[in-house]
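Multiple structures are listed underneath, in C-alpha cells.
First chain A sits with chain B, and in the next complex the same chain sits with chain C.
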Partner chain A sequence: MDLHDRGSILSDATRVSLFALIISLALQGCGLIWDVAQFIRPVTGNDLESICERGRLHVGMAVEPLRPFVFPAVWTDEGRRVTGLDTELVREIATSLSKQCRGQPVAPVLRLVRFRDLFVELNEGKLDLFVSAVSANIPSPTRAGLAYSIPYFYDGGIIGITRRPEVAERVRVTLSKARQKQEDKLTSVQAALAGLSVAVQSGTSADVFASTHLKNATLVLCDSLPAAFESEDPAIDVILGKEPVLKFMVERVRRDWQPLVLERGKPLLWTREHYSVVTAEESYRLRGFINGVLFQLEESGRLAEIRRRWLEDVYAYPRRAASEGLPFAAEGVVQHYDQGQCRWAGPR
Partner chain B sequence: MKIPAHRFLAAAVVWSMAWASAGLAAVTREEAEDTARLLAALLDAGRVVVDRNQALIDDPRKGQKGFTPEFFEGQVRSEFRERTAVDLGHLDPARVPPLARELLPSLVQASKEVVTDAQVVINQRGIEYKNFIPATFGSQAAARFSRKSSVRLKQTALQPRNPKNTPDAYETAVLRRLATQSSRSAPISELTDEGKTLRVVSPIYYTKDCLKCHGGQAGEFDISGYPKEGAREGELAGAISVTIPLDR
Partner chain C sequence: MPHLLSRLWLFAITLFLLIPGYASGQEAFLEVFPIRPFSFDVAFRQQTYAPDDREIGIQAGITALRYGNLEVRTIYQFFSVHSQEFTSDQHSLYLNPRWNNFIDILDFPSRMPINRLIRHLLFGPLEDRAVPYVGLLAGGVLPGPGNSAPGGLIGGQIGVRFPVARGLSVDMTLQYAQYGVDFRGEAGQAQQWIFTTGVRF
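And now, the complex of A and B:
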C-alpha cells in the first residue's frame, strides 16, 4: 500500500484531526498553540462577545505589593481578598461590562502572578486584561503585542528613596550645584548616583529607566519591591520605583527610608508616567470599551474620587479589602508568593 | 412498580429513626450550656493560638512560616485541653455531652479550613501585617461552622470593627451589663424564644497583646489603619455568642 492509497483510507475528518494533533504535538512547549488558534480563529472581532458569553473577565494583577494600587492577598472576615485603586477600577469595568452584555453579569476573575509574568500571561491568552500601575508610556521590548488603554492615573513617575541620610544629602547637594550651573538634570542625576548601588524591580519602568540612563551606578535587579527593601547582599543604597508606590511605603510602612528630594524638600521626579489598563494588541473592542468606561469615569468625577480615596484619604485597607476587595483563587499563586531575591545586573 | 408493604414499612422506620437522630432530637438546657461553653472555649483557643504566633505570621523575612493547619490543630488541641481538660482526640462520653461530641470536631474542621485558606496570605514574604489576626480568624471560623450547623457561633462587641459582628438586641443588652462589671464574669446563659433557644454569651477581655492594636491613644491609627479604641488591659473586649435551638 503506498502513501496515496493510505490517504484514501482515512476520512477527511480524520485527516484534519491527525493534522491538528501533529501540529499541536510539534508546538508543545513552544507557547505557539495559542498563536495557531488565533491564526485559525482570531478573537479580534469578538473579544467583548466572548467575555459576555462566559460571564467572566479574566484579570491579571501583580502578586507583589504595589500599594496603594494593589494590596495583594489580604486576609479578611470574608476570606482572601485583593484590594486597592486598581481593584476598584476593575470593579467599575466589570460593572460596565455587565450592562454592555445586556444585563448578563460579568464577574471579574483574578489571577495573581508576578508582575513580569502578567505580560507573558496576556500574550498566552490567559488574561483579557491586566492592571497593576503599569506605565503606558515606557517603551520596552518585553511589551510587544500589548496595547494600552487611555490613562486612569496621570501623576506617576520614578523617584528614588534611600535609608542613608548621607546619600540623600549627596544627591540634594549635587543637584543643587548642577541647577546653579544650569546643567542638564539627567546628567546631574547620573553624577549624583555614580558609584551607588541602585535597586529596581525587574521588568518595571524603573528597570527600563535605570538600564538606559544610569550607566555610572551599579544596578541591582530585584524580583520585587519587598526584596529590594530586604536585600543585604547586595546592599542597596537607593531604590528606584513608582512615585505613588514608594511614597506609600516611606510614609506608612518603611519610615526608616526617605525620598531623594531637591532643595526645600521638592520631590525629585525623574520621569513622567501615566498608568493604563493593558490588553492584547488585537483586543480592539475590549480596549475601545475600556477607553469609553475610563472616559466616562473621568468626566463624571468618579475616577478622581477613586484616586483620592486611595492616595489621599486615611483608611483601613483591611476594612476596604473586606467590603470591596475581590476574591482570588489560590491556585497558581503559591509558587509566586515568595518575593524572590536581588542580584547584580551585570552588563546589559 | 409495586413496593411490597413490609419493605415500605421498614424504610419508613429507618427514615424516622434517622430523622429523629439527625434533626429533631431535643437537647436539655444543661447539655446545650455545656456545649456552648466548650464551643466558645474552642473558638477562643484558636484565637489564642493565632495571637501566640502573630510575630511569626507577620514576619516579612520568612516565606514558608510553618503555620500549617496541622501545626495549628496541634496547638489548639493543647490549649483547649489546658482550659477544659477535654482531649479533642478522645471525646470522653462521660465528660462531653453528645451535642458537643458532634459539634467540636466540626469547629476544629472549620478552623483548620480557615488556616488552610489563609496559607497563601500567611506565607507571603515581604509583607508584614497580613490582617490574619485572632479576630479575622475567629469571624471566618465561626461563620464557616455556623453555615454547616443549626448552632450559631459569632464574635461580637459593642463597637465592632467588622459590621457583621454587630450585636443583636440580646447581645447588646448582655454586653452592656458585662461592661459595667468591674471583675471578669463567667459566661451568661439564658433561655429565649419562649424557652426554645439557649443563648450563651462568653466574654473576652483585653490582654496585653491586644493593646498593640486596641490600646494606646483612642483614635490613633493602628498598623492596619483602624482607629484604636484606647482600651486597657482587663477591660471587656467583646464576646463569643452561641445560639443553640433546644428543639433541633
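And now, the complex of A and C:
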C-alpha cells in the first residue's frame, strides 16, 4: 500500500485485512502467534535434550585466570589445557550429563569468554553454562538476565591484601579502635581505607562492593588480578578481591603481599559470597539438573574433596593441567595471556 | 547500474575475505536450525521502480545454518500494491548470509578497544547486549523481467539484534537491494532501501 495517498482507493476488504495484518504483526510475540510458535518449536524447549543430541556441553570460563578456580592455560603434549577447581566441577557435570543422556558421552567444550559478553553468549545459545567463581546475587545491572545454580562453594567473600606492612598495621589499629568504640564495621573499614588507593578487578563483585561502600578511598580499576599485582602507575595500596583467590595468591604465589587482618590475625572479611554455576534465565531444566548434581556431590562428600584438593593440597598446577586439564577453543587465548592494565576510576 | 553492481560485488568479496580469518579462531560448530530460527518482520521500503514509491510489507525468515558468528538465513518477503490503476504483488526469496558481532574484529588496542568505543556510542547501556551484524542478500523476485523467470536480487544489509532472553530477540535492519522485476508488462531494475524490525524466536 502506498503511504502517500493510495490508501483511500484500496477496497474495504483489502484495508481491513491489511489492518488486521499490521495489528497482528505489531502484537507478534504475544497471544496466538506465540502459542503457534511454541507449538511448532518451543522456545524454552528441553535444553538437556539439546545437549544430549549434540553430545557437547558448551562451557564458558573467565578469560582472566582465577587461581585456584581457573589456572592460567598450559601448553601440553596434547595441546592447550586449562585446569582448576572449576574444570573439575565441569568434568563432574559432564559425567552426570552423559548418564542422563542414556550413556551417550557428553564432552565438555570450553571457551574463554569475558564476563561482560556472558549475557549474549548464553542467550544466543553459544554457551550452555559459565563457571568461574561467580558470586550469585550480586546487586548489579550487569547481572540482569543471568540465573544461578545452588552454590558449589560457600566460603567465599571479599578480603583485602597489601604489600605494605604499614598499611596493614594502620587498618588493624583503626579497626581495633573502632571496635572498642563499638562503631559500625563498615564505617570503620571506610575510615581505615580513607585516602588509600584500592585496586579491584573491573566488573567483579569486589568492584561493585568498592564502588558502593568505599567512597573515601581512591578506586583503581584493573583488567585482571595480575595487573593489580604488577601495577606501579597507579601505585596500589590495597587489592580487594575474592577471599579464596587472594588467600591462595598470598600463600603460594605472591608471598610479598599479606592479607588485612583484625586483632589476633583474624581475617578482615567484608562480605560473604557463594559461588554458583551461571546459566541463561530460561535454561530451567539444565539449571535444575546442575542443582541436582551439585547437591549429590555435596551430600557424597565429593565436593568437599574437590575443594580440599584445590585449596589445601600442595600441587603443581601444570602437572594437573597435563593429566586432567580440559582443552579449550583458541578464541580468547590472547586475552587470557594479556593481563591488561590498571587505571584510576572516574567519579562515582 | 553496472557501477553499482561492481561495488556490491567488491563489498561481498571484501566481507568474505575478512570473515574466515575472524571465524577460524573460534573452533565453532555447524548448527542446523540453531536457537531462535524463526523471524517475522515488518518492512518499510522505498524503491525506484515497480512502482516508485514507499510501502509497508511483511517478511518471514528462517535461519538454517550457523557456524560461530556466521549464519545463513532464508527470507521470504511479500509486498502487495493495490491502486485503481494496477495491482502488483511481489514475492522475494533470498539467501541472507550474516556475520554477527562483526564490530568485534576491532578488538584493539587493549587499553581502549575500538569495538568497545563503537558499541558504547551505538548502543549505550545495551553495549554488552547487542549483536550487530552485516549481511548479503542474493535471491530472486517474482515476477521477474519478461515474466518468464525470477528476477535476480542482490544487496547488503546492516543491523542489530537485541537478545531479550534465550528464546526471543528483537531485530532491526537497514538493507539495500536491487532486483529485476516485471511491472505492468515492462521489465525493469528497481533499487530499494528497506528498514525492517521484528522478532526472532
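The definition used in the following text is that the second predicted complex is superposed on the first by the 292 of 348 C-alpha atoms of A that agree within 3 Å, B and C clash if a C-alpha of one lies under 4 Å from a C-alpha of the other, contacts with A are read in each partner's own complex, and residues count from 1 in each chain.
Note that a residue touches a chain if its C-beta (ideal position, glycine included) is under 8 Å from a C-beta of that chain, and two chains touch if they have at least 3 such contacts.
All values derive from a computational prediction rather than experimental measurement.
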Which of chain B and chain C A:Val314 touches, first, second, both or neither: first
First, second, both or neither for A:Ala322, with chain B first and chain C second: first
First (chain B), second (chain C), both or neither touched by A:Asp77: first
First (chain B), second (chain C), both or neither touched by A:Val253: first
Touching partner for A:Pro65 - first (chain B), second (chain C), both, neither: first
Contacts of A:Glu230 with chain B and chain C, given as first, second, both or neither: first
Partner touching more residues of chain A, whether chain B or chain C: C
Touched partner set for A:Leu122, first chain B, second chain C, both or neither: second
A:Arg56 touches, of chain B and chain C: first, second, both or neither? second
Touching both chain C and chain B, counted on chain A across the two superposed complexes: 330, 338
Chain B to chain A touching residues, read off their complex: 60-61, 63, 117-128, 130-132, 136, 139-140, 143, 161-162, 164-165, 221, 224-226
Chain A residues within the chain B interface of the complex: 64-65, 72-80, 224-227, 229-230, 253, 314-319, 321-322, 330, 333-334, 337-339
For the chain C and chain A complex, residues of the former touching the latter: 25-27, 29, 34-38, 40, 42, 51, 53-56, 58, 80-84, 100, 110-111, 125, 128-131, 163-169, 198-199, 201
Contact footprint of chain C on chain A as seen in their complex: 1-4, 6, 9-11, 14, 21-22, 25-26, 28-29, 33-34, 37, 41, 43-44, 54, 56, 116-117, 119-120, 122-125, 141-142, 145, 223, 280-283, 329-331, 338, 340-341
